[in-house]
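The chains carry the letters A, B, C and D, assigned in the order they are written, with residues numbered from 1 in each.
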């Protein structure tokens, strides 16, 4: 039996970090050896994560690259935006493998990064080494990566919904619309204010980032363009819904004219084929559609699709848990691929339902 | 001082009927004199409506057209689908004015009714007399109507969002998408089962009626076609969100090529102009967008819009309370117009916020 | 017709202040003429209160006693704790009548105030003039008061539940327990942090202020002692429940030995008699119990009671909307009494249900 | 390596049965081999449990004692009340071990069963063999039991909160009050109607079974009496709170006079000692109190306590997940003891938080 992989979580007290700690406890091949939190420095892990029942002997530390490198073989970066750029170089040099859950290494072009994130990228030379961590699209590159950029939550839902259509060149790439609904945990644990104050958002539904201004837009477009083999521009509108977890993306695309083969059952088969071997993607039977509750706490993405014959448009709907397949679960899936573990290790739990 | 208008509610124990009773109590020109409920026959109004504090002397009766006509000058039909077709003829003959909250008289073509509602229309001769009750579009016809068909909740939100664009012929009518989110009260009070069981839908988001099969589709298309002056086909996807009240419709349309004039501030002015004098429609400042909580309990529709320059697409988002502007409030607004009352009478309450 | 009473709200942007603005708009005898907010100074009322549909011409000002006195006949103080002590003297001197929604003037003994609020009372000479504003207990004194201290939300629910038992000397005063559940709006609009962060409290239930340390404890005891005619000590445990509005107080008391007369129907009659003429208190039929949803948005308190024969204990359960009967509605009820208006003016709206 | 224990779930499509299926998948020593559901007979497990990701090859069967005995070594009975009485005799005769999640075998006296459940007990001869399955109180008897009656959810929370006080004879046994709050999943998956209709209970709080009439009352009393060594009568009031999962029990007891030793820190030590070796009970540090969210999805019970010096009363608050420690998790804990597995096997998952 091999010794377990020593794993660290930088930023353990956020919702992504906490979910990593929860899920890693069920992983047969790793042990959690190092956790950091600027808010809970010096306090036991339980102080940062009130629902955690494992690794209770750990203390939240201030991040220190040398100490991190001493304690870990593998590092998850789950801290604030902009942190990863600064710490990745040292950790890579120390020979560590890394999954970064922030957006720092997701966009290939540092100019696009600067345009959308309003900050200069301080490690542009590493962008080429970073592999985009959407395993269902990019599995082989991930297996040999040392640095994986874990996708955004809305991005994961949107790309998994639309990829088969673009890959098969069945739709007009100028017609793509992504209408995405997100639970509130997606906003993180440290942004306070009226926008996330219980009484203001409970029993309310509202959009945000309307008109193509949300930062997940270029990330969705970059990935879909690669799949389509041509530049793809989308309209993306995220919404906040008063649930804690879950993303439901409803995507629309115009079918291109062709001789038959565009019915719902043909597309069902297309999706089944495209996701053959993708453990965590499930295609709902024609006429059925996913609900976020059915994937809560799991790494699964459920996808349902319909063809609106009257408008010759396909509607594809995907559901994920934003903290699992949209963050921590996918990060562990990437680690599994990078380290040669079973891709599903630690990730087979059923939904916490109801 | 004129005597008050005597008003009846057929189907008072449903959510639409209950909301009528709540709102009518704040109306200066009417008195509630007759209520029916098949579930609570013989019981006091409070048994049917646990939150009601007025008209407590009323008893829920079984509907009887003659008794109804004796007690009322004006009748709201808020019962099950298919009821109105059967009772409207008698009530009209007795000289009563009627707002029907069901779908029975919304579609002008009885064949389309039969196609979507899977039942024959038993009073097709009255369809011509029925006026579609969306006051912001149809005010003048409503003022002289004896029978008003009150619009569907999703329809109200969608049409108010898109009407100015179609009226101004600014968008490609084949590009319209309506992605609509609804609270659970929209499903009514008498459909039981897993679909509306608390533990199944709490903390979950799911679509329904995907692929253009929801019955509000032909109703939206009928109204938009009249505004556009040409046949309009849409893609409409409703979703269920775990809140009690509220509809948020996010609509998408491709702007047609033109010489300037399509920016967000131009459209803001267009919307301001189109809804000049429409008391219950508020256009959010450019860059602002509505939240359903801000209209909960009110008859207001708030509309925000953005132009996605990258895709040349306009995104218009409208928020209403499905039980007020989407049902009972709009029904009272219609009554106000039909009876010569101030259009806003009984409808100026602020949102119950937070 | 008399000119309307000019009313001001100090602290309009909080939840209590916002609810005052909502309810006052339905009041036939007053007009809102002055609003202050330190957060929204210089901004229109709608910026502070996104759901308000009336008094939109008002601008939020910084509080100034002279300007306030110029613009108002009557002032509601709904600002932060400690503000009222400082501004009441000037306003009283200017001849204004005041309802203070804070705790500043609720406790008669300034030492007890200091003990529980950890601050010296700066206007102890006015405590004698302040009348405790629970109309169902204290109506006559309120009618002639110039300064009314509006009760705390938990206090209103607890006292209305227990008062008839203590008044009739039916229970052991050392046995009283108040277990109270509150919606999140009770914590106000300006306290941010994990305690009120959506994702932390959604789908969770937790107590706070356990062991008799919550500041509503001495206030409940002061009022119950006056009713009982002897010192009363209680055990009070508030809990936070993930709803926006509502308080449900479950209270327990041991019945003292007596010759008959302690059955549930006897107590039902006792409560009916005690609250004869109390418009806003409703006693549920024996065997029925209140739900907070049935009073949401209203000034009503619903009370249900049961006798546990096995333990000879009475259980009395009361439900209110913490922002209405627990704050703004009761404040208006007090104003009505102080100004000779109908006690129910502006307060007869039905619940926003469902 | 031993072959895995073959386990069956009778009534898999209810919330208790579904939770058993979820948790058993994480258990190293068992395999799920047989599931029944009268609602989903003949359908795959996923049809019954939309969030399940394991045992997908299983089909829901109609219960048949012979087939059940053929397929299973161990049976969980999670069906409707009254089922267990009828099937337990056959299964015991076939040599199977059983945990019954219903109330059929919880009450030792068949007359008390009949009094509270309004039905005759059809297998009273087996009541003596049934062991009450609260491991923290009854571990040794459970280890040798063939039939374990799994406690009710409110009972588990109440008894774990009060047991140390009664065991140490520190409180007046006539003073005990249990005020318990429950999420909606406790009402099960098959009771439909207004009481569990989303729009009726969302954003509402209400009591039920007030006045000592809830069936968990005799069960709490039976267990507490055994611990106290004398008959104990309680006042128990359950409430429904609009969350899916969770029970928070707030219990009150009068401390008996003694020479010192009743402070919060003394009691903290008492509880620590009493629950020494009880893996799933955690005592919160003095001054801290549990929240249900911190145990959601786990088998843990968190307990916090305070002494109200002013009333000489102790307040003990316990939090559990009603479907785990209150049902399926405790059932597995019982199975672990009955089968000689590690008591925590399959039950160490962290909370699904936030």
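Criterion: a residue touches a chain if its C-beta (ideal position, glycine included) is under 8 Å from a C-beta of that chain, and two chains touch if they have at least 3 such contacts.
Since we're looking at a predicted model, the values are computed, not measured.
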A-D against B-D, pair bridged by the larger set of C-beta contacts: A-D
Reference chain D; chain at largest CA-centroid distance: B
Intercentroid distance (Cα basis), chain B paired with chain A, Å: 38
Distance between chain centroids, defined by C-alpha means - chain B, chain D (Å): 46
Chain A and chain D: spacing of chain centres that average the CA atoms, whole Å: 36
For chain D, residues that touch 2 or more chains besides their own: 15, 185, 189, 199-203, 242-245, 291, 293-294, 296, 354
Of all residues in chain A, those that touch chain D in their complex: 15, 18, 21-22, 25-26, 49-54, 185, 189, 203, 244-245, 291, 293-298, 300, 348-354
Partner chain D, residues of chain C touching it in the complex: 174-175, 177, 179, 181, 199-208, 210-212, 233-235, 237, 239, 241-246, 248, 250, 252, 264, 289-294, 296, 304, 306-311, 313, 315, 317, 319, 354
Interface residues, chain A side, partner chain C - complex: 15, 183-185, 189, 192-194, 196-203, 242-244
